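You will see two complexes here that share subunit A, one where it goes with subunit B and one where it goes with subunit C.
Up next, the complex of A and B:
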């Protein structure tokens, strides 16, 4: 069976976490499109809700969290928010591959990679397990590893970069065409990081995938993503084609993020950290703009009214930004 | 395989050294306990009007021998005997070899302790998994509370309680020794049946007393594993529940094997109360008697046996660990 890259339409997605202070939103009213065959990057600081958003694609938000509103439509699967039990289990792995952060131990420490591969195959009713092993070896070989040796290894015998490639192999081996990578390069050294990103790009193109990359590292997104979405305090504050957003950021938070990156050339002092701290679940404002406490363009209206997402079409595709100041400036 | 063989050799060497050290320490401690059974007997006979010569003669006949060497002489004799598994003779058992006396008693301790511990281990870990998975529900609460309660009740109280209920109030089970003397010892249905019937209460006591510890330990171990990334990863890869359950159980049970091996070693000597309550002539009672009777050789022998059991249990636990945990197998740990 050949599959094609699926499109994903996230509409009005809200994810809340149960806390002693009631249910607080970690992701609020997010609209996002993943066009078939593209790589989308989501950038945000810790606690911005980006990982929660990624888990929502698999309807795998962990308790005490839950998806309280919205839908995640995936081509060929329908709305995953409505999927339950076996349907959901079968969708995971087979249609949607999830790659964990390299530093996380995403493998059972007591079993070899090969045995876990067979467990995965059996879980999804793969009849030809030999073919599955062949496919796994091929994928690992494609990523520059000795497939037979890796399948015979335990997690503790693999380096961080090797583990990450094993994670990518496990996400793709069942022929999933939607892949979510959560912080794929965090905790890897620079060389390995570059290698992994190259692999992500190449495998994405070769297999015809729709890919979502979650990261706090704007450099990673610049490297691989076609489109970029910026999250802050559970909201998508800006999105658009990567080159346009990085070249001409409109939201003051995006501008701040880009200004904070130290350059290889030029004065190190040019890099300016954003003042203040990102909000946590408990401190994110219930009304008004989530970014206003750290915003240089703050106006009165920001305290009370949540800015609408204003979309328009740029040269390379749709752009959107949610900021009162931008709206005022551009429509004055 | 060679790694395991090397580990085994290292463990055995260390184990033997430890046993020799413990033998030395227990030899001197035992002999510094006040009281001398031979001298006391001679004294007693003299006071009864016997001539000193005759009194010593009678005592020698009574015990079959009379130690007269210096402490150092006794020590070297003892250690030399130890190398040939000769632990000396027991003065309270008419000069029978200590090894034979210990062997007789050991079977009445090992069988019920082993059965009770394994039973509680099995039940405890299975219920511990449920207690962890259902920890937010009623079932989890009930299991955890039952574990805490039983864990808090001392073994001897449980033994007395069971004996009072099932042997006295509702006399359906015997509590009068390890076996009915009516039956001919041997491999016949009557004898085996009687053995099993008599073992019910002591085994149940050991099992109930240990169950609480197992369920609580397993519960916390499972909760830890549930929080591990690879469990979420397996879920996100769409693994079957039954497979994930096996991942959890196998990872959670690892640390408990060490506790199991150690507790089996320790229980050999710690069964005094249970053996008294159910009249089992086991090691615990033997040790107690040997201390009150100042039977030096038997005391040293019993201490040595308990020590050896713990050391052997440790070695077995470690070897077993290296079989079931690939991270230990590699031999990359410090000091190996």
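Up next, the complex of A and C:
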């Protein structure tokens, strides 16, 4: 069975959570394309809505949250927002592989990895379980692990980097070609992180995947992603080819985020924390720009009008930014 | 001044994959952190850096060697006698979400150590209130708005500031920050790092920073010392910027090479070093501990263990028979 990397088209996606203060948007009016065969990175701080956006790809936003508007079209599946129960359960795993945040801790501590693999196979009606185990061993071997030994282990017997690779194996073993990795390297040290990122790149290329990486760490995206999308307060504020966005960021938040990265060389005072703090569900402004409280370029219009996303096409693909100040500057 | 000589710590472990074994967490580590000075311990997870930090903070025992606080060696003392000495060393943990009691307001959190302090020094209740406000201002929080709040009403960055404020209530001589910013939002991390540096400059508190992120290790200040720890041994030690700019140990070089390159802003290093295999603690302890993973290992490495030493032409101490400078970190495009 060969499949090709699917494309994904997210349009006008809004996800709200029910709170005592009413339904509040965790993700608001997001448009995003994942081109077939690319790696896209979504960067954001806590509360930016990046994990909620990723869960929407599986239509797996849990109550009190719900997708209140928009669509998520995946090639070969259609609009997943319309899928229900059994259809959805089958799509997860077979079409979409998901490596959860803290995959280190998302394994069942009471069962060996092999038993969990068999559970996964049975729940998806895999007839040839031997072939599934073979495939799992091959994938683990591909990632530099002794497959037989790992399948025979409980999670506490594996290191963080090993568990992360087990998570990737479980996401890919049913032959999914759309893979979502939520914080794939958090809590791993630098050498293990570099190793995992290399594996992500290689497996992505070899198996012909469309990959989405969610992270708070720009370095991770810089290392693996073709395209970079920046989220803040539930909005997608900037996106474009990774090198272009890092080399010439347009949105003041992207600029601030890049400036806040501790650097290895040069004056240490050049790197600066952003003033203020990221908004939470309760403090995201209902109207106007979500970033204005921390923005050095704030204008009057930012208080009342949510900036539109303005897109143009660069040499390496489309770029988009949602900022009044940038728009004004370009038209001046 | 806090010094350690020949600290040894062994843990016993069992497990199917990694095998039953004794783990030598620390194999005779020396360190010295001057009053008001700063040091960073870096290394992979499991290298022993956290164990060493906990020993320094009095939260872990050791099997050999000694910790000397001021000029008082800790080994001859009974646990109760050590307490007042170790109290001068306060630990800031990685996770500000679990370091604070969720049922206590910031005021209550600060009250406990302050009342102990007040009893010891015979001070009054009003002194406690003043001091609580003072430590909060020191960490950049507005006492009026945070004193009555519960941890869940604060952001991660603010919580970590409260944790630091709590540590300051006992007038510590040293703060031990174990991955203190890794769970803080990226845009706020530098704020916490700058705060630690600022406390050092204003109060003369020494800072020990434990991290796997080399770039943040720089932010303790350029007079700080960097200790690179591998499998319980210090393999390179020197001024922080010297070790980062001109590392000579292949392990330090591997750590620095693993830092993601910000393509678009930076150019990849010319001679990145990748370890030959991943860390396997069941590996034999013979010879250089890094030899099996080292792309540059030579004849001596398999049988002899290099010790931390100074050699000609290298400003920092290192534990390598074949020290060589390599260009392993990405360069900013603006400099090229």
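Here is the rule we go by: the second predicted complex is superposed on the first by the 329 of 332 C-alpha atoms of A that agree within 3 Å, B and C clash if a C-alpha of one lies under 4 Å from a C-alpha of the other, contacts with A are read in each partner's own complex, and residues count from 1 in each chain.
Going forward, a residue touches a chain if its C-beta (ideal position, glycine included) is under 8 Å from a C-beta of that chain, and two chains touch if they have at least 3 such contacts.
Just so we're clear, the structure is a prediction, and the values are computed from it rather than from any experiment.
The superposed arrangement places subunit B and subunit C next to each other on subunit A without a clash.
In the superposed pair of complexes, A:91 makes contact with subunit B only, with no contact to subunit C. Residue contacts after overlaying the shared chain place A:22 against neither subunit B nor subunit C. Using the contact criterion defined above for the overlaid structures, shared-chain residue A:62 touches subunit B, although it does not reach subunit C.
Annotation: apex subunit A, arms to subunit B and subunit C, angle 70° (C-alpha centres, rounded to a multiple of 10).
In the superposed model, A:122 makes contact with subunit B only, not with subunit C. More residues of subunit A are in touch with C than with the other of subunit B and subunit C. Legend: residue contacts after superposition of the two complexes on their common chain; A:272 is shown touching subunit C, with no touch to subunit B.
When the two structures are aligned on the shared chain, A:108 is found in touch with subunit B, with no touch to subunit C. For the three-chain overlay built from the shared chain A, the minimum Cα spacing from subunit B to subunit C equals 5 Å. According to the touch criterion, the shared surface of subunit A, contacted by subunit B in one complex and subunit C in the other, consists of residues 154, 156-157. By the touch criterion stated above, subunit C contacts subunit A in their complex at residues 15-18, 43-46, 155-158, 182, 185-191, 193-194, 212-216, 218-219, 222, 244-245, 254-265, 274-275, 278-279, 329-333, 335. For subunit A in complex with subunit C, the residues that touch the partner chain are 45-46, 144, 149-150, 152-154, 156-161, 187-195, 197, 216-220, 222-223, 242-248, 256-258, 260-266, 268, 271-274, 277-278, 280.
In the complex of the two chains, the subunit B residues touching subunit A come out as 228-230, 232-240, 243, 247, 250-251, 254, 324-327, 330. Contacts from subunit A toward subunit B in the complex involve residues 58, 60, 62, 89-94, 98, 100, 104-112, 119-120, 122-124, 154, 156-157, 170-171.
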